[in-house]
Each structure stands twice: as structure tokens, then as C-alpha cells.
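Working notes, structure below.
Labels run A, B, C and D following the written order; every chain starts at residue 1.
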Amino acid sequence: MTRAETARKREEHEVEFSRIVAFSDGVFAIAITLLVLGISIPKGIPADKLAHELWEEHEALLAYAISFAVIGRFWVVHHGFFSQVTAFDGRLIALNMLYLGWIVLVPFSSQVLGEYGGEMPAVVVYSVNLMGIVLIGQWMSWDARRAGLTTIDAETAREGLARSAFIIGVFLLAIVVALFDPGLAPFVWLLLFVEGRSHVVQRLSRRV
Amino acid sequence: MTRAETARKREEHEVEFSRIVAFSDGVFAIAITLLVLGISIPKGIPADKLAHELWEEHEALLAYAISFAVIGRFWVVHHGFFSQVTAFDGRLIALNMLYLGWIVLVPFSSQVLGEYGGEMPAVVVYSVNLMGIVLIGQWMSWDARRAGLTTIDAETAREGLARSAFIIGVFLLAIVVALFDPGLAPFVWLLLFVEGRSHVVQRLSRRV
Amino acid sequence: MTRAETARKREEHEVEFSRIVAFSDGVFAIAITLLVLGISIPKGIPADKLAHELWEEHEALLAYAISFAVIGRFWVVHHGFFSQVTAFDGRLIALNMLYLGWIVLVPFSSQVLGEYGGEMPAVVVYSVNLMGIVLIGQWMSWDARRAGLTTIDAETAREGLARSAFIIGVFLLAIVVALFDPGLAPFVWLLLFVEGRSHVVQRLSRRV
Amino acid sequence: MTRAETARKREEHEVEFSRIVAFSDGVFAIAITLLVLGISIPKGIPADKLAHELWEEHEALLAYAISFAVIGRFWVVHHGFFSQVTAFDGRLIALNMLYLGWIVLVPFSSQVLGEYGGEMPAVVVYSVNLMGIVLIGQWMSWDARRAGLTTIDAETAREGLARSAFIIGVFLLAIVVALFDPGLAPFVWLLLFVEGRSHVVQRLSRRV
């Protein structure tokens, strides 16, 4: 029997399917909220140095803002993917767990980035974390499509692939730029905002 | 096509809509619970100093109480807003994410307030955080109404605007008061309790 | 109009009612999980002292176990109460928030108890926290019943009152005992396990 | 009356049943996400030592990966168990709470393992934690089956028992191996991956 035949149908196992989605949402919601723990100031700062110490947190705040947007964006993508899933099996659950395992690492990578934003290793850790999420997300999506568990059509899948390739390209570029000046890497990430709207990605996806 | 036409209708996409609301609720619930991390005493205090050390936490407890009430109140408002949303699009989801991003900062601001309640920068950080939430909430509400995604009528919208203006006015006043004595700022915030019941706000909203 | 008339009926506002219950459940689940943060060992302990250091955590583990059982028990009671709520208004939501605000403090009180279990102030802080929860729970229940928002009958209400009085009596007794020997207080709390099963409470409730 | 007669039927109390499952899912989701707090680097590391310090976290990352997989796996098992529960009573709720109380300890044990992976006491703490979960899970399952609260048949129950015995055997073996070399223990755990697929377990379960 194929996986599509042995997989549990969503409409027949609505409660179980909802539990998987709700669990994923819970993990996303907690991971995004734990980001705030990356911003903190020590106890017992003298009054005249408090303003300065708070100002020093601007890098942590920037890392927080980037990571909040990033996890939020991944949540929307995850959301969209699961709205098209029509059946699930143990393998999809396992891949989803692997995916969530990389999402939960973001508060750590984000804290490293907030503390050491100008250093090469921090840029690499953060980039590897995000590229890992994109790659596993792509794997999960490709695997589910191949097994007939989703209604994603060929064109949407190709667009998703192009988008993932674009994101990974930006992160690799940022690492290369960081070799020369790590402080510039976050500016390279701004290219990501082009994604979704731009015709670049659409044109890329048509060529694939 | 207008946004109201392209937006997904709530009744046709109940599952997706619920996921957005449940995600927001999750973030609110975690942020409100993380407030407790702002209260802590060091390890290894000698027995005869423990009572004193616990007493020293009264400012952190006050900040906790204020912030719990504040997040709780924002949750009720968010709750009320989404109960009137009839359709949603990517823009509403993005604004909601931005809103949640400011909610999640409250445990940090609250911790700063609990540690340094008598200092000007702490008052400013906390005030800016809360004003940010109010402003983005107002923006989200205004944007959704303009795009025809909610059933909020003109009068309710005007009342909401008056209430937001009142809250922001109180926080600006508190910052001005804090220029002279930062310790007085939380007492200015007590004016917020007037809001909701008082005829002041209702009268203001009629004049707008 | 009375509160029962103006309150929103549960069956007509199922989604909103569910959101309140789900939010409460979320707060309970997070508070109970944060208890684990009260157990921790420092970094960099030499290998030959690790076992001893882990053993030193047995008080923190005991506080964890007590608090997990306590929050779990309050969750079951909260659960039972809300299963009998038929209508809700702003006042019930506010009282529920106040209740949750005291539940969320338990991880802090529990950490204090775990660190300083043998000291009087730790016993007082923990006892005050739990008595506060019981009192506000009783207030919420009494208020909802008086306003006609629940189907709790007179006898169940009386039993609830007797149980609350019993719990508060045990905590007051524990504080008195702690005046002589703080280390004995947790053993007084063991009396709480009598509650629920014993005929003592039932006999008490019949007399009230 | 027997427990099966007094227990509340799932189909008649769907809302309450869902609350129990949702609460459990919430606790799982938070516990699995708190694992990330076990990975952290200190503030203020000089730039040239950052890469080294991040590399030093590889043991914490390994503990994170193992524990994420472990909690995820327990969640799937819990998920499967509750999908077959047809009625619930106070005892099942209490056992589920006890079960969750041991799940929530994993972030602590995992942190100990991440810091002191090569030390005997860390291996023991982690193993005891996981064996506790398996034992209580088995107890809960056995108790529910005996009371007629689930539709689990004799064969599935026997398979579950064999699987639990296998897991506990592996952990006991790992402790014995750790007596000679604690660093080898995690490799013994790799035997767990055999479970589920292998014919060993199936053959064992047929013999029981």
C-alpha cells in the first residue's frame, strides 16, 4: 500500500489532526514569546547609568524584532502548508517535530545574535538556524506532496522551492559578506523583504 | 479588487481564523505568565535577611500587578476586536503580529520597572511600550475597519479612538510628571482606571 | 437590568466563552511548567561534587512536587467551576483575571519555598499565595452564583465554602506551627490530602 | 458501581474531555520549548573566544536534540493513548497530572545532561526521569484499561508493555555501562531507535 492509502484522512481524524496543528501552534507561540528573555539588563545599575545600559540593549531589541518577524513569517507559512494537508502519517508528524525542533532553537540563536551581532560566529549560528528551518520545511512539503498528503499543486510547489532557494541564497550571501564585515550581514537579510512581493521570485519560479 | 473582496471570509475559513485567534491567545497567555520571572530573590541569603529581601521585592510585585492588569486588559480589548472581525487578509495578520510583538515586550519593560521604578528611564521605557501597543492596536482596528473587514460601527470606532487618545495622554502626562519625580508616575497611571466607566471618555468621544 | 440579564449567554457566545476558558487553561499550563525553572544547579561543578549538588536539590524537588499538585488541583477546581458557568460578563472575566494573577505567582512562591523551605518568611509567602488563590476563587464562585451566572446549587456552594475554609484553616495552622519550627509546616499541609475524601469536610459542610 | 459506570463518557462531556487533552498538549508544548533554555552562552565573551564558546555548547545541543525527540515521542504516545480513551474519571485525571509532572522535569534533567553529560550522576538523573515517565505512562494505561475507560485491546496493551519493558531495560543497561564509562551511556540509548521498527520488540511482545 502507498503512504496516501495508509495515511489517516484529515476529515475522518479531525480531532487528532487538530491536536497536531494546535501543538505546533503552541510551540510557535512559546518560542516567539521566549524571544523576550534575550533582552534583559542586570540588577543594581546606578541611576545615572541606567539610560546608557538600556540604550546598550538596542542590538538585543533589533535581534528580537528580526526574530519575531522571522518566526511569525514561518508560522504563516506553516499555517498555509497545513491548511492544504488532507492526510497525515507518522512520517509527516516526525518531520513536523524535526521542523519544530529547529524553530525552538531560534530564541537561542537570536540571543547570540543580540549579544554578539557584530561577530562572525553569531552571524553563522543565526544563518545556519534559519537555513535549517527553510530546508526542513521544504523537505516536509516535498515529502508530503510526493506521498499525496496535500493538495498543493505543481506550480505552488515550484514557487515554494524558488522562495526557499532565494532565502537560502540570501543567508549564504550574508555569511560571505560577514567574512569581510559581520556588522553588514543583517543589512543583507533586508533582501528577504523583497521576497513575496517582488517579480524577481515569480520570474525565478517560472524558469524552474 | 478591494481588500474586502480578496480577503478570506471568516465563516468560510473558520479553522484558519481560529488558528490566528488561538495563536494570539497563546502569546498573550505566555507573556502574562512570564511576568512572574520579573520577581525573584537571589540564592543563599542568610536566614535573618530573608524577610527583608522578600520585602524588597514589593516594587517588583507592584510592577507585576500593574502589568498583569495591563496585559489582561489588552487581551480583553483584542478579544472584543476579533469577535467583530468578519474577514482577514495577510495585512491584518501582519498587523496582528506587530501588535503581539509589542505585547511580548511587556515582561521586559515590566522587569525594568520593577527593578528601577523610581528612575526616569524605566518610566519612559514602560510608557513607550504601552503607548506602542495602544497605537498599533488603534492602527490595526482603523485599518481593518477601512478595509471592510469588521462590523465595528462608526460610534464604537470613535469611542475606541477617544479611549486610545486618553490612554496615550495619561502616559505622556506620566512622563512629564516623571521629569520632576519619577516615583509619582505610577500614581498618574491610576487615572487609567477612570477609563471605561467614566463619563469623561464618553463625553470626549461624542465631541470627536 | 440585573447582571444575569445583561450577561452574555454561554450558548450564544460559545466562541468567546471558549476563548476565556482556553486562555485560563493556557495560563495554568504555563504556570505549572514554569515550576521546573525553580530547580537548577550551577554550571561548572567539579565532578566529585555533582552528586552532592544534585542531592541538595531535593528541597526544590519537594517544593516542585507540592506546587505541581497544588496548581493541578486548582486547575481541576477551576475546570469544574467553569463547566457550570452558563453566562459571563466583564466582572466575571475581571475576577478570573485576578484569580489567574495569583496562580501565576505560584512559581515564584514555590522557588522561595524550594530555596528557603526551613525559614519562616518562605512558609508565610507560600501560604499567603495559596490562601489568596482560595479566597479569590471563593469570591469568584460566590459572585457568579449571586449574579445567576452558574448552575451551582446551594449544597455544592456550601461544600465549596467548607472546603475553602478548611484549606485556609490548614494554612493558618501551618503558619502558627512555623512560628515554633518552620521545617514542620509542610507536614501540616499534608492535612490537605484529607480534604475531598474525608467525612470531616462533609460533616462540616452539613453544619454550615 | 464500577469505575466504568461512574466515569464521565467522552461523547457526553466532549468539552471537558477536550480541556484535559488541550491542557496536556499545552504542558507538552511548553516543556519541549523550555528545552532551549538549557543552551546558553555567557555575556561578555571576547570576540576571539566566541566561536570556541559556541562550540562548547555542542553537548548542550546534543542533550537538546535527544530531549526534543524524547518529549516529542512521548507526546505521540500520549496522543495515541488519549485517542482511545472513551471515558474519564478523577483517577485518570490525577494519573495524567502525575505523568505530566514527570514530563515537565525533562528540561531540568536535560540541562543537567547537557552540562555534565560525561558524569555518572547526570546519566542517572536523566535515566530516572525517563524511566519514571515510562512507568507512570504504563500505569495510567494499565489502570484505564482495567477500569474499562479505553478501547485498547489485549494485544496492543501487551505490545505497549513490551515496549515499556524494552525502554526501561535500555536505560538500566545504560546506567550499568555508565558505571564503567559515563560518556558511553548516550550511545546505549541509541538502541531505543531500534524500538518501533524492529522485530525484536514484536517477537518479545508475542512471547509475553
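Keep this in mind: contacts are C-beta pairs under 8 Å (C-beta built on N, C-alpha and C of every residue); 3 or more make two chains touch, one makes a residue touch a chain.
Everything quoted here is computed from the prediction, not taken from an experiment.
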Path length in steps (a step moves to a chain that is touched) from subunit B to subunit D: 2
Subunit B to subunit C, fewest steps along touching chains: 1
Size of the rotation, in steps of 5 degrees, that lays the CA trace of subunit A over subunit B: 90
Centre-of-Cα separation between subunit D and subunit A, whole angstrom: 27
Computed distance of Cα centres, subunit C from subunit A, in Å: 37
Subunit A: positions in contact with at least two other chains: 22, 26, 30, 34, 37
Full enumeration of touching chain pairs: A-B, A-D, B-C, C-D
Interface residues, subunit C side, partner subunit D - complex: 21-22, 25-26, 28-30, 32-37, 39-41, 43, 45, 47, 50-51, 54, 64-65, 68-69, 72, 75-76, 79, 83
Sites on subunit D touched by subunit C in the complex: 15-16, 19, 22-23, 26-27, 30-31, 34, 37, 90, 93, 97, 100-101, 104-105, 107-108, 111-112, 115-116, 119-122, 125
